[in-house]
Amino acid sequence: MTSPARKISVVPDLPSVEVSDDLALDLYYWMTLTRAVEERALNLYRQGKLPGSYYTGRGQEAIAVGIALPLVRGEDGDWLSPWIRDLGSYLVHGVPVWRIFAQFMGKAGSTTRGKDGNLHIGGREWNIPCQVSHMADMIPLTVGAALAYKQRGEKRVAVTSFGDAATSRGDFHEGLNIAAVLEVPAVFVAENNGWGYSTPISKQTKVTDLHRKAAAYGIPAVSVDGNDVFAVYAALKASVDAAREGGGPQFVECKTYRMGGHAAHDKYESYMPMEVLAEWSDKDPIKRAEAILLEEREITEARLESIRERARDEVRQAVEQAEDDGYPDAAEAHQGVFAETAD
Amino acid sequence: MPELTYLEAINAALHDEMDADPRVFCLGEDVGRQGGAFGATKGIQQKYGELRSIDTPVAEAGIAGVAIGAAMAGQRPVAEMQFGDFVSIAFDQIVTCAAKMHYRIGWAVPMVVRCPNGGGVGGGPYHSENVEAWFHHHAGLKIVCPATADDAYGLLRASIQDPNPVVFCEHKFLYRREKADVPTGADGRIVPLGKARVARTGSDLSIITYASTVRLSMAVADTLEAEGTSVEVVDLRTLVPLDREAVLASVKKTGKAMIVHEDNLTGGFGAEVAAIVAQEAFEYLDAPVTRVAAIDTPIPFTPVLEREYLPTEEDILRAARELAAY
Amino acid sequence: MPELTYLEAINAALHDEMDADPRVFCLGEDVGRQGGAFGATKGIQQKYGELRSIDTPVAEAGIAGVAIGAAMAGQRPVAEMQFGDFVSIAFDQIVTCAAKMHYRIGWAVPMVVRCPNGGGVGGGPYHSENVEAWFHHHAGLKIVCPATADDAYGLLRASIQDPNPVVFCEHKFLYRREKADVPTGADGRIVPLGKARVARTGSDLSIITYASTVRLSMAVADTLEAEGTSVEVVDLRTLVPLDREAVLASVKKTGKAMIVHEDNLTGGFGAEVAAIVAQEAFEYLDAPVTRVAAIDTPIPFTPVLEREYLPTEEDILRAARELAAY
Amino acid sequence: MTSPARKISVVPDLPSVEVSDDLALDLYYWMTLTRAVEERALNLYRQGKLPGSYYTGRGQEAIAVGIALPLVRGEDGDWLSPWIRDLGSYLVHGVPVWRIFAQFMGKAGSTTRGKDGNLHIGGREWNIPCQVSHMADMIPLTVGAALAYKQRGEKRVAVTSFGDAATSRGDFHEGLNIAAVLEVPAVFVAENNGWGYSTPISKQTKVTDLHRKAAAYGIPAVSVDGNDVFAVYAALKASVDAAREGGGPQFVECKTYRMGGHAAHDKYESYMPMEVLAEWSDKDPIKRAEAILLEEREITEARLESIRERARDEVRQAVEQAEDDGYPDAAEAHQGVFAETAD
């Protein structure tokens, strides 16, 4: 049924990686699910059903999914600390869809029991620490997790992703430098989408090829087309493998474009060039994957449609479950400042 | 004279100071073309150009440090934190460099760090922090917390003109909710730092408060008035320098002190006010010094929890009734 | 049982915890071969190897962040700041990531940040800071301030065993001045966090204090005893969690509360204690709640100025006499 | 009397720089004075006459002096924020010798009126901000000063120096990145002496050629022999000129070696390799300058001796004046937390 695995070689520096048709369809499924969740959530937000702000990673699904699929899931698996554009990473790494809707809605079933919102999703069961708003803060934490694995001799890796603007922060620098010196199994993924809120990358840094920044730490780095899910997957797989096998920290830059506002309320039309947006729209990662699956892999349209259908179903059920879920009790606000036990 | 919101008053104060003094400039993330996440710096880049309205990289320590250096080199920087919460990243620069420079070598650091502060806007634990207590302990910093549109304007102008580093805590909840006829430009009124405002005179008990809880306290005073209790509301306006005289005068008059703020209870600025009152007005006190503040947790996101977290009008009313009845 | 200094007690506690739990490790600048700037981690790299005694780059935010991540991944990091002052750089990581993680997702962050704290050693403004007030306002952090060699040992062990982030303020002035016969290893005594110690019982007034000012307060109590005044000295040991019961019990007994600490007065932890006392023990108070603390300035370098800055035995004595006579 | 100026070209990237004999002798004088001050101060420290800790820059005098001499002095001159090894920078940039001794002694004549110690020297009259202990914190400040000059259209530069270990800090990163983006006239000088306290540079960073770090920001960088005062001077002169003329920020790495402990109390013998120390001792910057002056420039030994004599005299007088100076009044502790005016 599936054709033989294909070797994907994104960059000469990395070994090539096999992507079977099953895996290719998996990548497609997760991207499709990610977009379906986000589209539905955006509707809910517009209906006033989601408190707080709403961020989407539309157009960056290849990165979100490609980062997470090479990783081992579960509490004893790999640490994954995704950026706010990476809903797909949370999904792939194990967070149930309905809990993500519950999170957006601030319901009791939220991974934070309503205490935090939007993509601040996490839980020990998935080995996803809950990101903080402060950009780049999660980088040193990820280095610390990788250190723990190295100290205990476990073959686990710790992965984190962040936007281009986060590379301006001191914690990016301190984290990467320490990771390099301690030679820990950490993988850093920079999502270069050209913007940090209303600020273009040219005002963020003079070195807009972010993988070049890794050289300052002696960390091997590659740059890939972030709208090509196979390329992202292959780069991550190779980097994660290298880190897992004792190769020390790795850096992957994914080049892409922010396909809209910083958040749903952002009037990006006033500052983003529409023609560039249109160009990137043609590079949509899901459309591109579809073309490859249909044309190069000779997967049938019917099969793709069944995958899309599955994703839509899951979203429907998840939204229902989240809507049925209650809000936390007010008493919850007082709980959990301190841990009773660490285990 | 147009009615301005608290946020528009801040914008007007920035324009007026930029206009009055060529050394004044704004810097921060997205403050330029965009006018900031909230629009506080709207129109400034258009009017004064990119050199006086700088879109910086995302680097709060760097922003603060650059502001300090520019201030020492003769400019008057007004640095914006996109949200006050992120000033945690600039904490070291502010307490280590800005706060201690003048004490050590008598070289002034005239700068303002604007921190959009506070909760009640569904921002969750990282977009709702009240940051004044991160700094009020630290000698060498002025802390300003306006409660009204007038004061937002007048205190910001005073902060920019002040020769010291000022942490300017502007409350996001008030941005569009507080409004007043605020004279600007040549008619603009500077509000001096270090002078509290008796927002309402009363004789039975004193509520000492600032920022977002001033309006709640005023509402409570209305309610209690109807019940026959006369409440004095003192709006501190600036925490450092603190108008001790105003606080003590009020408490000595009423004999009952209640301190109210939105920030967490423990170690909040209210503790300092309570300590001063308990030491210096002890003989005048007819009742325990009472504090009403947020619970001692991070600021939860979902509305039902955020409401539980924040001190509400009902919380203040209940405590005030108890105190009045004591 | 050998007599250990406060510093040796810290070293012993680290050895004993490293020994008892393979998850415990030390990290920080020069903590490895060198054993740290003060020798607190002496012998640990030699005994437990480089993976459990990590010489880090100079990057306090990074050190704290790495410790947080390692703690979440199941280790028990003990991070050393070379001087407590430098924890200003790690402020964001500690309040943003460590303090709020468990509240948000119930994932514990069992780590200790050791901060060599305090003045009296000619360190000047950047090697003498008392950092507890940078953190005590912040929900989610425990704050520990030992005053004796016994407590340095027992509280450090408890801090390492605690499932929460702990800011451990060890006072440099006490490093070699406090000594005791401290049982270690199998005989070692854990001192639970959150329990104050009545260092001396008395009936006329309560001095509530911690860290370096405990010994000064004890000396004052001796002097006053001779003058016929009976002073109770409560050593808080941990500021968070605070042993409110012990504080209130003492004040209710004596009717007079004096809070003493080395840290700056305004917004210091003493303000919180004073506020609690003024609210909860009001009816028992026979006199103003009094605070004695450092003046509100940075910590000056040269001995004559540093002496003026610090609260001295004489300052405490004078205030205690006044309070006793009230 | 002096031979014609010589062109010194340290690195192909920078224009060559003229160093006349007068200037060469000036460099020699300031290095000699620096060492004389430090030797005397070390004696005073050992006699218990200096409170606090004592740091020396022995062996790094070429850097300290070479940084400062190309700069314009005075309140309206160039901003200079030196590192604790750079006593010579303070001297060259105008701080009177006696006030430095007064600073070490904690006397009233200290530039901080006794409020801060050791190399935390500063004052507006010299345009030297008073450094803080926190390594790298002065880097963003220096960028801010450079920004002020640029904003006002003044042809001034802001210069700061720091040790190799400071490059691990977030403020190094944030400062350099902002400087590059804003194109301000700032010059960063990294003094690579191989150690940060007891930690060798190999544990500080994987990229021990520090000038390579500047590439991550798009800042032009050179690396020079930090024990060759002519090379340091030339590199700084060229970099400062470039910055002054609108070339944006510049980065200079000076390679050297820490010739002893971190501070006077540090038992460095336990960790520093004695044979390496001995090697570097042969590269002593003052001895090297002497050899060049005598052999290549044909300056007489008598002339050099008169310079050394002048330095010794100044130190003698300065110590006397500092010893005669009083301690500040205790009341001074309460003064100056806030400024009454900024001017």
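In order of appearance the chains are A, B, C and D, and numbering begins at 1 in each one.
Quick note on the criterion: a contact is a pair of C-beta atoms (placed from the backbone, for glycine too) under 8 Å apart; a residue touches a chain by one contact, two chains touch by 3 or more.
Since the structure is predicted, the reported quantities are computational estimates derived from the model, not experimental observations.
Undergrad: Where the centre means the average of the CA atoms, what chain is farthest from chain D?
TA: It is A whose centre lies farthest from that of chain D.
Undergrad: Counting C-beta pairs in contact, does C-D beat A-C or the other way around?
TA: Output for the comparison: A-C.
Undergrad: Taking each chain's centre as the mean of its CA atoms, how far is chain A from chain B in angstrom?
TA: So the centre of chain A lies 37 Å away from the centre of chain B.
Undergrad: Need the CA-centroid distance for the pair chain B / chain C, whole Å please.
TA: Computed from C-alpha means, the inter-chain centre distance equals 31 Å.
Undergrad: With chain centres taken as the means of their Cα atoms, state the distance from chain A to chain C in Å.
TA: Measuring from centre to centre gives 41 Å for this pair.
Undergrad: What are the residue numbers in chain C that touch two or more other chains?
TA: 57, 59, 61-62, 85, 88-89, 92, 96, 100, 103-104, 125-126, 139-140, 296-298, 300
Undergrad: Considering chain A alone, which of its residues make contact with at least two other chains?
TA: Expected reply: 112, 115-116, 120, 132, 134, 168-171, 174, 177-178, 181, 203-205, 337.
Undergrad: Would you tell me which residues of chain B are touching chain C in their complex?
TA: Residues in contact with chain C: 85, 88-89, 91-92, 95-96, 99-100, 103-104, 125-126, 133-134, 136-140, 240, 264, 266-272, 274-275, 277-280, 282-283, 285, 287-291, 296-298, 300.
Undergrad: Give every residue of chain A touching chain C within the complex, in rising order.
TA: 79, 111-112, 115-116, 120, 122-124, 129-130, 132, 134, 137-152, 158, 170-171, 174-175, 177-178, 181-182, 336-343
Undergrad: Which residues of chain B touch chain A in their complex?
TA: 29-30, 33-34, 37, 55, 57-59, 61-62, 82-83, 85-86, 88-89, 122-127, 295-298, 300-309
Undergrad: Along chain A, where are the residues that touch chain B in the complex?
TA: 51-52, 106-107, 110, 112, 114-118, 120, 132-135, 165-166, 168-170, 196-199, 203-205, 271, 327-334, 337
Undergrad: Please output the residues of chain B touching chain D within their complex, sorted ascending.
TA: On the chain B side, the touching residues are 25, 51-52, 54, 56-57, 59, 61-75, 77, 92-93, 96-97, 100-110, 139-140, 142, 163-164.
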